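Same chain, two partners: chain A is paired with chain B first, then with chain C.
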Partner chain A sequence: MSTNQQARQKKKYNWAPYVLILPSLVYLAVFFAWPMVRGLTLAVWNDEANLILQVEASQNSDEAGKLPQGTAVAILDQQGNEVPVDELDEGNLQTEIWYQITGLGTDGAPISGWVPEARIRVREENDAGTPTGGSVRTKLGSDADPLTTIYAAENEASEIVGQLEARTEVTIDGLTVLEVWYLVRGVDEDGTTVEGWSPSRYIQVFEEGTNGRVDRGNSGALTSEYVQKMVNDRFFWPALGTTLLLMVLIIPIQFILAIIMALVIQANLKGQGLFLYVFAIPLAASDLAVGIVWFSIFTTNGYLNTILQGLGIIDAPVTYLSAETRYWIIIAIVLAEVWRATSIVMVIVVSGLQAISSEVLEAAELFGAGLWQRLRHVILPLLKPSLQVALILRTILALQVFAVVVALSGGDIVTVLARETYRQYFDFRNLNVAASFAGFILLISMVSAVFYLRTIRTQEEVGA
Partner chain B sequence: MTVTTQKTTQPAQASAEVKAIHRKMLRRRRLSKGFTYLVAILILLWIVVPIWFIGSMALTTPANVRAYPKGVLPFIEFSLETMRFFLSSEGIVPGIINSVTVAVITLVLSTIIAAPAGYAISRYIFKGRDTYRLSVLMVRAFPIVVLAIPLVVVFINFGIFDSIYSLALMHTALTLPTTILIIGSVFASVPYELEEAAKVFGCTPIQAFRQVVLPLVLPGIAAAAIFTFVMSWNEVFAASVLTIQNRTLPAQVFNTLSQSSQAYQFAGAFFMLIPSMIFIFFIRRYLFNMWGQVSK
Partner chain C sequence: MADIKIENVTKRFGDFIAVDDATLTIRENEFVVLLGPSGCGKTTLLRAVAGLGMADEGRIRIGDRDVTYLPPRDRNISMVFQSYAIFPHMKVSDNIAFGLKMRKTDPKLIDKRVKQSAEMMHIEGMLDRYPSKMSGGQRQRVAVARALAMDAEVLLMDEPLSNLDALLRLEMRAELKKLLADINATTIYVTHDQIEALSMGDRIAVMKDGIIQQCDAPGVVYDMPSNKFVGGFIGNPPMNFMTGQIRQDGDQVRVNIGDFSLTPAPAMQPLLRDYNKEQIIIGIRAENMETFNTSTDDALKVSVQVVEPLGSQNLLTVKIGDGTVKVSTHPTFQIAPDEDVWLRFPADKIRWFDHESEMALYP
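This part shows the complex of A and B:
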């Protein structure tokens, strides 16, 4: 394509490419970038870190202060407040129901007003289950006021409109669900005493009803708690160590084998089609399946023992995949990963080789360069960009080894970072720590990619 | 090593010295050819033998699976009993149906979204093209593990957790970058001059695309789609994390791994390997086209 043509195209269609890439950009933004940002904040952000206390028992009132999650508090007072319907099914919510009733007072005049649920026995309900009628309960205890007080609004601080005798028939005209608010006092991180109102759902109340602790907060804060939990996890260091060890063992073997495979493919052998097909099969093989394949070889009644015993090298089957023979598990994982993931490197190397002109190789051969010399001085230097890409790709993929490890070790004897992410999520249900692990894997991936890009470029510059 | 023999025999009036060099080269080439065959066959065995082992285990009786020492087909009894046992195990048939459904949705979504983008990056020079290519590459290199956990949170919030459709959405996000780059290189392999020529002969741009470009790129796009299918079929981490009741085949096998018999595991592994063997056969021609460009 000449520059002229390019320029013309650019003028004519400059909006078209943007329209064409738009769907993919939108898709990746919605299902990749956004979840990624949201998810990774989980690792460093605690949604429930602080409880904001209010000056009055109302969401609209001013902030009285903050108490961190877990602070012990004294409960000084209680009050009911109307709750929005969509918050009714929240956990740890203490509610009170108030009925709006009408009944005949002691003087025969009807009294209408609000009364707490505890004072009314419901006797009639409509089809939807809403109470429509009932009677006033008898008060127990000899010193109690036998009359039940009726309020003007749904709280005990409101005006008293009258009193009803026990067992008075009433109609229930309406009801309100109130959430209990507590006036609490606690000491915050700075040592200052904070007093204020909070809805019951944030406070865990102890048995005596006058003490509690901040169960969860309603405002978030940055935290290193999850990262610390990850680092202090007993599997963290073994997982990191094994992951790095596997990388160091697998990648060099893979690259040597891949270059050999690529040279074989490029050698124009008879049956080249067959070789290419077979060499490429692992490219599409499931990692879990490959793990099981190598398990069938290394398991105690497996093929390796069969072969070794058949050759007379061992007398009885050896157990390879056990806690006492960790190194055998590592060897099995390395072989399985080399088997599975070398093909992709080979394909990248072959495409790199195809780009090297045959004249260059011919010239080298004509001047008497042997295979090794050609490899060392001609092929490898020209392959550098391809190898760089393959190296980055393989390193990042090596950090994700997962199913192969679980298939060969059960996932506990030998563990890797991806396995720990899964454990935190699946076994411990700890999304935040799982997100920390995921973020950590991402961090190593990026650091190693930058490292490769830098070192290989530096060499080129030095060479030039 | 790719030199053809015709070229080396060409210089007829060359000096004795050059002829000697040629003879030496020829001898060395014959020798190295033999060596290359040896290496090729060794690597072939390295790949084929494990598949042969697992195939032998999957296609024999459960008694042979438990036996020690182990035999290989055709020296042990051929039987579909182990395979039948695996396929009739709980969750396997639904798992296969789920896997295929997820992979097909992924393939369709991924190809529909990626085809225009691939066309754009191969046919147009536009501002931000390199940035776009680079960000797509970066997405491709992102660890699955890193994406799976965040998506769980988002899907739970949206109430579409534990559904094969949400899994397909995630697999599309995973495969999209690869598909875009592969389709881009497929379009790049069709010279723009062909399209230009069609226009010169009176085709509208859309006609030129449909009648000239499309027939040439369809096989390549089909190869890319098959590859997308295989990536989704194999994916186990996200599938295990995002689904609980509606597991795909790899997720089902993975989650029952510790409680399952060897017969079940071996038959499962072989069953999961079958698509890779079939699909690679069909797309082997396009492999270097696909990945060569992707890596650059």
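This part shows the complex of A and C:
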């Protein structure tokens, strides 16, 4: 083969791996990235932050201005506007029915047109409950115009077809349900007065009917409101504190134990296979089950008290898991977590140890390193990549600790970040604050992962 | 400086006896090569000396100290491992300095020693590199430099060249030999490569099945193997073996190979007269046979099967009886396959082996 041909062959790109990885990328995007981004937006995005006012009482008209949620407004005018039937049940939505009627005018000629519901008393309905006939209402008040105006279309701005006297019998040929639009005036964030039309569904009207407030907006905006709510939540600082405390307590204990366990397994003792199995058993238990097991040990009538009483060390059962003995709950959580999750670290460390060549360890021994020096100068540095993985994994898992805490403390005496996420979501039904908590956990997880990757650098040693 | 005494050392792995009652004395500053096929116990014996695998029986002495049960670091030894075993997370300088640091040597002395050994191995320009950025040959040099820096009484080398490519191995072989001649250390060198053993060692201890078969200078091991195994293992091509029939012919003992009759050297006669078996193994090296194109007295006529021109010699494969024999000839010797050639066996070049025990018979 000539060099030219070789060069041409090299240029041929190998697409197969990308084609093979495509399904997983699609899967990741659809079932992970997209929902996660959507979920996290809840924490910082207020869907109803601003109400956009229109120049005219129509969605198609120009924008007159924006009023933030909660702004007090004066209601200057109102008007009905057609609305899709499936939107009629939205909160605050005010409706107005217009009837299409036919009746005899003052001159005896029949008049056909539209009139708002306030002017018609319905007297006949068909079997389906649709009005079919009625009469024109009398206007109250002495100086009122006794005539009722009939319009060409279902709004008061349309052409006037004619007028009907009070009590005129009419047939109802059809009806349209309209949403009321208000012409409102309010002061926006910049201090400028804005005036414009808004559908009634966004406005809460006060009793007099002349004032109201923007109940919710129809356009979203970034907000720190939910994050502030989270930080100001009375459980936030205790939850963060406990989570970090548990991390600081659990991770070092786990790593020391895991390294010792891994070294024991690697020491080629008799029955080392058994050690591995025994050490790995807790991996199979669910964290809630582990929490319940340790609860049954530490509860007032639990195993610990029974044994201590049986040995005569204490006379009466001690209450460990109460608000007054919070440290016992922490101890119980640490014990349960260490018991449950140390073996995952151990498994990673064992695999890391197996990757260290035995000749390297022998060389260290031969060149004068004792057990401790071998551990410090050779084994631990060579375990760095494994420890890094384990550390990231364990930190992320420690930030998610939940079931054990709930099982041992009920989730109120001692609380953690994951527990608060759950509380906001299920107990308070506050999706946005729950999303803030979840996002906060994600943020610390990522920051710590990056921190570990940066501080425990191994590139220059392992690089090709 | 110290000598090494290996006394009746036995090492077992379960039922398998890796080293069987090995006794070997290595004199001060001597370079002894442990040579044998894989699984012969040579590495196990070296590790027993290193302290990386304790002997089950016997004693090991370095100088006047009994080190049999001492941990490696108390034996005052240093070692070069087969896979180099340099620490991948340390720079070259830290690798070389490792042993000295563990001994809490004075930092100035460490610096000096690191420089010296790096210069000896010509890697003084690589002290700040990590091993992952080095080639196999360079790592090998680091491993040797690390062993040299210890300045130990005993230097152990476990197949240090076996992971290098052929050309590099040749180069390093000469370099190591010169280096080890210059420094003062009693050296045990393990290899399965008999050329390495012949070219480097002061003495070669040939091992098989955990037993030291012979321990002598390279020339002696080559020329006077103690048994059939040693003769067959050492040399390229290995020694040729044929089975001969003992025949009394008056005062003389003669040995027949098929119809061909050999007269052993006079010195061998009394020995062979007392040899009470009918068959005997005849051993002769390829280069020790005389070859003729034409019929010659006392020469065996054989047919050439293969001719391998190797530049410095022509190697012939000829058929004798049921077996084949390798014959080395001068490159100018003209012969083609299927032609006949006459071989003469000089009596003083023939080695005799007991047919049953396969032990060599020397007067």
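Keep this in mind: the second predicted complex is superposed on the first by the 373 of 464 C-alpha atoms of A that agree within 3 Å, B and C clash if a C-alpha of one lies under 4 Å from a C-alpha of the other, contacts with A are read in each partner's own complex, and residues count from 1 in each chain.
As a working rule, contacts are C-beta pairs under 8 Å (C-beta built on N, C-alpha and C of every residue); 3 or more make two chains touch, one makes a residue touch a chain.
Since we're looking at a predicted model, the values are computed, not measured.
By the touch criterion defined above, A:372 reaches neither chain B nor chain C.
Shared-chain residue A:382: touches chain C; no touch with chain B. By the document's definition of touching, of the two partners only chain C reaches A:363; chain B does not. Comparing chain B with chain C, the partner in contact with more residues of chain A is B.
After overlaying the two complexes on the shared chain, residue contacts for A:31 are found with chain B alone; chain C is out of touch.
Touching of chain A by both chain B and chain C, each in its own complex, is seen for residues 362, 365-366, 368, 370. Across the interface of their complex, chain A is touched by residues 1-3, 7, 21, 25, 28, 32-33, 36-37, 39-40, 43-44, 46-48, 50-51, 53-54, 57, 66-70, 112-114, 116-117, 119-121, 123-126, 129, 132, 136, 139, 141-154, 169-170, 172-173, 176-177, 180, 192, 196, 227, 230, 233-234, 236-237, 240-241, 250, 253-254, 257-258, 262, 265-266, 268-270, 272-273, 275-277, 279-281, 284, 287-288, 291-293, 295-296 of chain B. Put simply, chain A touches chain B in their complex at residues 1, 5-6, 9-10, 13-14, 16-21, 23-25, 27-28, 31-32, 34-40, 42, 257, 260-261, 263-264, 266-269, 273-297, 299, 301-303, 305-306, 309-310, 317, 339, 344, 347-348, 350-352, 354-355, 358, 361-362, 365-366, 368, 370-371, 385-386, 389-390, 392-393, 396, 399-400, 402-403, 406-407, 410, 417-418, 421-422, 425-426, 431, 434-435, 437-439, 441-442, 445, 449.
Against chain A, the residues of chain C that register as touching in their complex are 50-52, 71-73, 77-79, 81-83, 85-90, 98-99, 102-103, 130, 132-133, 146, 150.
Of all the residues in chain A, the ones that touch chain C in their complex are 357, 359-360, 362-370, 373, 377-378, 381-382, 384, 460-464.
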